[in-house]
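Note that the chains are named A, B, C and D in the order they appear, and that numbering of residues resets to 1 at the start of each chain.
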């Protein structure tokens, strides 16, 4: 009796489990409910369709997917930038294609790429989830090369337009040239690629040396380099070393300007080692130290820089130093450091300051480079959608590429140099999007890959003021001693030495067009504002 | 040349001293209970973050004491709640559970930062500042005052621990258990209790290393694993379970690394310690001062 | 020693041919490297490869007789093995296994979504092979390795290299990668397998760290960012799914079969009591190396698939993350079960992917998503599983199911 | 018959302690010989030296004309010396049959098992030691006496010429001891040379025709049990430790 009861119970249990599994599989895998819904409930900027509170039909959403490390500052930045652009577009009435109104939707997916113990499959899973489950139409994001190079392939295979907003690796856009059919969907919108970054540092260094000699009678003769031991930093150091005799002959008439100390350290170096590195640099008597650091060791670099009271001026690339929390992170030890950044609150274009203020107003934090990149990417894609009146990837791609042949980003400039205000209120805060495809306008500073003439779909250095990086110096702020502040050290043409001459001669790349916007405040030399370490 | 030698000596000693503190604790637990504690780096991590979180509000002394107490308690609790029950089942599940603890603590630290509103990666102000500067020069080598402090404290603590183990009653029990656990248990020593204290001492040592080192060592959630692998390297070299071995191993490895940095090439300085270990494993697997394990 | 070695070579003329062919292939490879990566890379790679192959084949030669004998013996056993397999499929466990296999086999008929099939099922299946390879070593032979990523990663790199630079088809690339993993396992195994317990674990970990540091160097071994653009097995995810599925079944069957064979008995005896096994006349080091080799082979297969799945490989693949993944998966599934590794891998991947969706729930109160961090939840679950189901979930689950089944049949 | 084992001037030191001191003896093929001495006299060390688990500081060991000094244990086993341990050790998670199969799978065991099959060979050994009905259970559940039998079974599986038994009777009841005695006698009758230790003389007295006595690492007597038992130094060694001959 008891046994048969048990048996009946067991049969019921098995039946329930079986039905449950079957229903679950149906519900989550097969039924329509398994389709992901881009739900919209409020007009909050953090909502899926920012700025619109009514329910938008799924097929009326232009679906943008942000792939980045959402637990890290770059991911937050990319998401916020994209949201801000979507919010602006949606609140101004959305996008009209044919007679239909479309709205921009933003979804994010965490690639966990900031984790030092990187797991490539997480990024790939994020990309597949974004494309195949959430059905995003346009992708943007990514900042770490190792992770990005894996999941970019997924996006390319799915034939989606992908705007890279954070990686400086030039290879990504060289691939567009090497294998156009596969990689034509890749664009980089931020930052300048590593090749151009080298050029920017060299220009800044030369400008500083000339300026100090002409205006302050200060002779800078000894240069030190501290870099992560990576392929791109090695190439950059090669450029700097190669240019030194030329600069020296030009500025001083002899070869007194020299690289006196160069330290290439492994990325796994501990902080104690930095006392050694800095002791060596101090002993070498360097006037200027050039960091070329993209990883977390930038924190050690700056921390020990302050602790050891270095007399030299630090001027170069320290990615950690681009964030406005860097003063706090280093406890003020980064004082006097000059770091390259892509973007600050400065009237680089007419849209820069409004963008900055709108961003800070919404997210109460300053935008970092991934934020401006994401903002520009959404704007660029939407502009192309409007121009082509189509959502199809290939039409959008054609529109994006068409802009290349006009010489400079058509969204807001005309050959007369007067900004064009687009109908839908699009604006580009950094305006570094100019997707060149032809070799004539391209300068490849990278001697190792000088044979590759065509870099497609990349941000291009050099058109004043848009294609230049910004340098900022960390200085003590007596009004807010715990925070410190950035002071802008923008870069302009070097007196008596044209860009053309400076880089063109060395790399033998021939002449290129003169800067276009020299009448803007941006074009002035402000290197005189540099504060030198008082030690 | 003098500067170079000084650099190797001073910076090597400082790094060696910190790894000594960490590895002695690690070695102690292994030598006593045969427990391979993968959470050791996490103990360092949690103590460092406690200091980082409290420093602004509670002041230096209170936060140091609090950090040390908390990390010691965490050591004890993780032994009682997780390691002890599994120890009897299998060695492997102990390894796995300590891995899980380490993973958990790393997540907790990240969560704590985002809830309390701290940056996950940061630096702390130096402990000692004299006349507005935090460092002095000696034969061209720049040395922060903190490093002198680190050297003094770490040697003091390690001497005290050695003294404690050789003289005190608990220390005698620890030594007895490390030699023959069964015999010690038969003689009325509560092995579980002693092991709990050992894990607590080891966590305390990791905590001390954290509170003296973190002010001059930027802090990040992933550092637990770096600390762990480095202490592995030290104990392999010195001999697992041998306290003097750990001391020796810590200094040899850090001198080797700094010697490479100064005299050969900074780019391979992190590779050299690893090669030292591999050579050591091939030539003398039990480590410099380790006992040969027959069985 | 030398003479004995030469004798062995004479005995195995097939082997000599293999070595010669291999060296010819390597020569062309070195020349290709020269073309692509310049002289620094050439010199270092040459040293590395030649040391590797020299020592590797030396030791393979010594173990060749054992391997060959095992293969010959197993050929004879095929008919009886098939008979036993059929009988086993009739039992509860066998039926359950068949049922699970069928379920996994029909998944692509239910959904063709590339995310479900690719990022969840295929990755979980690849990790199944990987975790099972670790379980084979740790569960059957008792050798706990913390450096399994060395095989996984090296095979990944070699597979990517063969496919991308040598333009080999995927299948030979995969096996070539696994072969290199085997050679790496010999290089790592011979010095470290003399060690016991924690020394072995830490020794293998050091080797993996060395490989990490070497591959992270900027100018040698493909640079720090590694290789990318490796084509997937197939553009069609369903075909990819079934290829991996077949490999999972074959790999797991082989590992399980070795575990249940006489060789497996010897492995287990080493696990239970190494001194005792030696007193029984077993050359423990040789068998440990053999277990290491088998484990590395399957880890290599998994690494090759993993690279093809991700389309890229970088130095991070040698990181401790990947070395500890199989530990976690096996801890969940249950050690010394092989199929438990599959349970662990599926649990691991599915849990993390399901928790990924938690961030999309908009009805959660603000800030709650912070607490629902997937890694945090996972670490808590992991602690609970290890603490309260020390032998893993598989064994107890099967027992429960068996009871249920018995009741169902009225037994 | 000839000499099967020849030990000359064997010496082993642990730190300052000399565990085995200038120890020399010979064993004839087919002999049945015992080694006695109080606890800590160095009997187990002698066995460890003979089977390669420890390396001697000085002296040589020749087995069957081959110098086996310092050889690895498995090599020595495969030359034909098998041993048991004083503390029983077994492969905990393997069945009894598999425990024995491991020895049968060693190169020397394989020479026999190749023709008749490993499992059959292992079963035949289990039959001989009387454990065949427990072949499919793990050794954890076995009583102590059966574990001793299993030990001997594992040693026999390697098809030894010389069998070293380390304290085969310790911790056993009288009945169990009788069973083991029968087993050892049977093995000896099959032609295996047997060398066994014991610290209680009486157990060995009835069993072996020749006894070596050792004390503090030194050989103090060699001869038939009666003779050795009457030896002055032996008596002193035992009485000194308060352990009687009775």
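The criterion applied here is as follows: a residue touches a chain if its C-beta (ideal position, glycine included) is under 8 Å from a C-beta of that chain, and two chains touch if they have at least 3 such contacts.
On a predicted model such as this, the values are computed, not experimentally measured, just so you know.
Separation of chain A from chain D in touch steps, taking the shortest path, is 2.
The central chain here, found by comparing per-chain C-alpha centres with the mean of all protein C-alpha atoms, is C.
Chain A and chain B, compared by their mean Cα positions, are separated by 38 Å. Separation between the centroids of chain B and chain D, computed from CA atoms only, is 47 Å. Annotation: 42 Å between the Cα-based centres of chain C and chain D. The distance from the centre of chain A to the centre of chain C, each centre being the mean of the chain's C-alpha atoms, comes to 38 Å. Shared interface positions of chain B, i.e. residues touching 2 or more other chains, are given as 110, 225, 267, 270-271. Within chain C, contacts with two or more other chains are made by residues 213, 217, 275, 320, 373. Each of residues 71, 117, 229, 266, 268 in chain A touches at least two other chains.
Chain pairs that touch one another, listed by label: A-B, A-C, B-C, C-D.
The touching residues of chain C, counted against chain D in their complex, run 262, 265-266, 268-269, 271-273, 275-284. The residues of chain A lying in touch with chain C in their complex are 3-4, 6-7, 9-11, 13-14, 25, 29-30, 34, 39, 41, 47, 70-71, 107-110, 117-121, 124-126, 128-129, 131-133, 145-146, 149-150, 153-154, 157, 169, 175, 229-231, 233-234, 266-268. Of all the residues in chain A, the ones that touch chain B in their complex are 71, 115-117, 229, 263-266, 268-273, 275-279, 282-283, 296, 299-300, 303, 307-309, 325, 328-331, 333.
Those residues of chain C that touch chain B in the complex are listed here as 138, 144, 191-192, 194-199, 201-203, 205-207, 209-210, 213-214, 217, 275, 320, 324, 327-328, 331, 335, 367, 370-371, 373, 375-376, 378-380, 382-383, 386-387, 390. Residues of chain B that touch chain A in their complex: 3, 7, 11, 14-15, 110, 119, 121-126, 133-135, 140-144, 216-218, 220, 222, 225-226, 258, 261-262, 266-271.
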